[in-house]
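Labels run A, B, C, D, E and F following the written order; every chain starts at residue 1.
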């Protein structure tokens, strides 16, 4: 149910019997050894499965988010928070003008959350008939429970973002000690503290953990779609 | 060390031997039974004590933040995230042009955090010689520890925001059951779920707990100032 | 009737029988020997008295205005005119959405006037049922008459801004010769011409003059509120 | 010395020996019985003479200003203050990048003043080598003196804007009583108070007064150019 | 039918029986040997004749357009595309609020086209009762046919912009070889490639060709007005 | 050479020996019977081959462009021109800060061209050391020559956009008569004129034509990359 696999007539037919759409946001930013687009690839793969199951449309993912902290890592592309806000506002308002009434934003990047929440609320305040919600797969209790049970806390660019579809090369065997980066420090300081970009912990987990982890995320998203 | 108690000559003298300043952000929004300005009053009272101790300047608090979720409660005044971002950017850039190099933003409202972090990072990226940091009193481990020890979890508009200086009338005796408001829902839905505005728990705590709680916040802020 | 002394329930009750609110704007800028916040403190103290008398709400003052001319004086914090405009627009539109229909902007800083007037007109054009007005205490004929009678022309940072509540230290005894600063010149030139920041005249006036001056301002504001 | 009568080679030659330019701002707004463009035509005619005398370039006048108060009069076209600010900022920054260092803004519309002043100051603060100034012909003491001597106070759309080059038809013989329009009221209220658009006084003056009035404005502008 | 020759009463009478207006956009940019304002002068002279014939109002031309490519030629003044968009948006929305329903934008500068089209569409989408259209004289088939028949291709700043009313001095006799400037290159590169600013071909054409060329443009515009 | 298949270390290594990057822009808009994302898919597939050959990085495509004309077709998502401009500006400026000096924007949507050109010029003006260029595959002479030779003019949503990778279902056999849509008309009028969304001509071409067409586009892009 990706827009890229549809023409407008398909969307018109869809709107005759449904009014839901999923918008994927994320980032193009350093993720240590895994893909720069991990924050798009993860919610996209999850959404593909969840939305196929629930027959829901997926808008083209916006591949840029708010990532100034990682600007010193080449390949990180960051928008100003105000630009991200205006862009999302126009996309969502445009969807509503076409008849979409229930919008689930599936966000893959924690740095976007603080803008997305007020944005969704403002749009909801202006469109009382709309239903807008935010889904963030990695924070969902049933997803995090898999990590907890396995004794593997989630951290940026550690095992929890290392899926078959985000992997772009080998990762170190040894675990990395946890790194604490004070909030608000510059990109240069962040890089000097973080080194390879991971916040610590193992760089990968067993395949079966990743499968359960991913499956839990899909199920959590199915739930979020049904609650729309 | 409030700017309102100083003239420009005082600031010029200060800048000859110091380059630190505290900026207070918060919100004008419903806080159940306590003051609409609680998110300003708390960081301001804490800052007054911490900054007196450390001899640091405090800029005039910005009394408006990002609060669209509470727009259905009269007296809540909310800025768009992009407006909040631009305003803070200009204030901080202006301070840097005058010689302030170390800026501690003491934010009293969780809804501002997601904008403040990228903003501070962006300004830091543009001013490599500057040191910017974010302090949020209620999230500091030593402050939250007081709440945990007392068995009193912090929630919006419960006991944890009910200080002598935020109290504007009587509060209910009974505890309120915790309320869960999904992130991103409209102001109307938020109000229908929240009722009086508190997210639950006791509406007040014993004076001695509040005193320890406040003292811990002051000490945490002193620490944050020293680390600048 | 300050919002900081109220909770949202108080405002809801107020709105059941009234629809007026006072918004205070000013500046954080050099005022020679008196407080950097004089342009907020004066309209705030005046509003406290006038609004208590007339039972009218006062929104939290915005402590930043348009003051690029004084940027070379440390402690002056200035917003771009476009930022000031957008911020005020959002605050006033937000108040109108909550039921406030009559808005009196009490502005304490001449540099804001040229933005406030078109802003109020534009908001009024978009809300035909609203009543918006601008009050500027020091320009009111009955207030200026006190100055004229006393033979004491008002100038920036001279006696006319030296109240008990703006005083932060001693002022020179001797009068200052009037200084003319061409409009539009840079902050550096302005400082080189102005020196201590006062535009000239006596630095202070007798207490009884200040009391009559202040009382006239309160009465003028009461009149402006009644005309809303 | 109008840009429209020059090609770029002429400007390049000019810049080899001069760095001054005049920017004309005004409004397209109701002026009672006289031209909607009076606020452009007057400073333009004055500038043509003054700049011919002083050999100074004139940029193409911006024919739109800040006029929301007159929006209820057909033919009035108004910009938001923030749009006017951004536009002027770009034009002046562009001129500076080409080598113009001394810029005289000759503004024909009082409603623009409050934006132009901070704008010029901000640009001056960012370009310490530049010299920016604001000229407003009708406020110049030697110009207003002609009006005072003739016992003819200047008011919007009265005799003082009725030149041969702004006249577009007949005007009433009788004087109009002065009208007071409160600052900040909506366009609809403004029109209901103002009627024909003039703020009062005679609609025209004797030709010889207009000639002296105009000549004084030219001379005042020559002075302003020389002081740049 | 220029606004500068009318007062608001004239416009009000006009609106009682018509709802059309022409907006002229162009540029202030290098045109080789001819006027910097050629892109305004040409559509303005054409509009004067076409609109006199059709009794249609002409708003004051906006003399600044999008011309960053020519910024290295002194006298070129360029707006950012976003500023140009916002300004036009406000002007057209303002006209619609006064009762103008049919708006013909006569644009004289190719660099504006890519913004004007989406802008007109967006305004049309928001005002279903409005009729907006874009007219660009030099691209009209009947106008270009004159050039083709005469064996004189149109290029920036060649004969096709050299009218009696844009001529500001002598032009070279010899034809210039055509110059190709890659799209998107900087102003410095553009100037180094273009030299005198013309894109090539003859610098002037016989008077009778120019007269037929101009007459065709007037007729084309008359047609565009009638189709509104 | 897609960023999604790389981590930041890969990009850092790349930047040690290269400074080129391709940015893909397009649209999410109706394309008749073919994919809503055709304007992204075509330049992306072309870029994949051209960039593999030339070893050049490809940034994540921005899947939203300027498409207000097609807003009445469900699935079309359009940005305001000013939003598109600001977003691209930030992305390109960010790349330059990381060491990319040569940027080729490969744009797949004609509606973006008018913004992209001034944007690239402005960025080039501010970064004299940079080389920015615009590539638009379908307009390249060697590409269009294939269409001309085959007697198949290119039009929106006809055969020329019907590749194996944009096809999402069956298309009509018969050719469509050419449709002319006046520039600047609203989305509703556009849809009423266009019907199925194609501007006319055959809906598909023989496979071997499409292969030559695509191959020519790849070769044209290789040329554009080499000229950077």
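Please note the rule applied: a contact is a pair of C-beta atoms (placed from the backbone, for glycine too) under 8 Å apart; a residue touches a chain by one contact, two chains touch by 3 or more.
Treat the numbers as computed from the prediction; the structure is a model and nothing was measured.
The minimum number of touch steps linking subunit B to subunit F comes to 2.
Chains touching both subunit A and subunit D: none. Of all the chains, the one whose CA centre sits at the greatest distance from that of subunit E is B. Remark: among chain pairs E-F and B-C, B-C carries the greater number of C-beta contacts. Chain centres here are Cα means. That of subunit A falls 47 Å from that of subunit C.
Subunit A and subunit F have centres, each the mean of its CA atoms, that are 26 Å apart.
If you average the CA atoms of subunit A and of subunit B, the two centres end up 28 Å from each other. For subunit E, the set of residues touching two or more other chains reads 71, 78, 80, 86.
The touch graph of these protein chains is a ring, one cycle where each chain has exactly two neighbours. Each chain touches its neighbours in a single ring, whose members, counted from subunit A through subunit F onward, are A, F, E, D, C, B.
Contact residues on subunit F toward subunit A in their complex (touch as defined above): 3-12, 14-15, 28, 30-37, 40-41, 59-64, 71, 73-80, 83, 86-87, 90-91, 94-95, 97-99, 168-169, 196-197.
Residues of subunit D that touch subunit C in their complex: 66, 68-69, 71, 78, 80-82, 85-86, 105, 111, 113-122, 124-125, 128, 132-134, 182-190.
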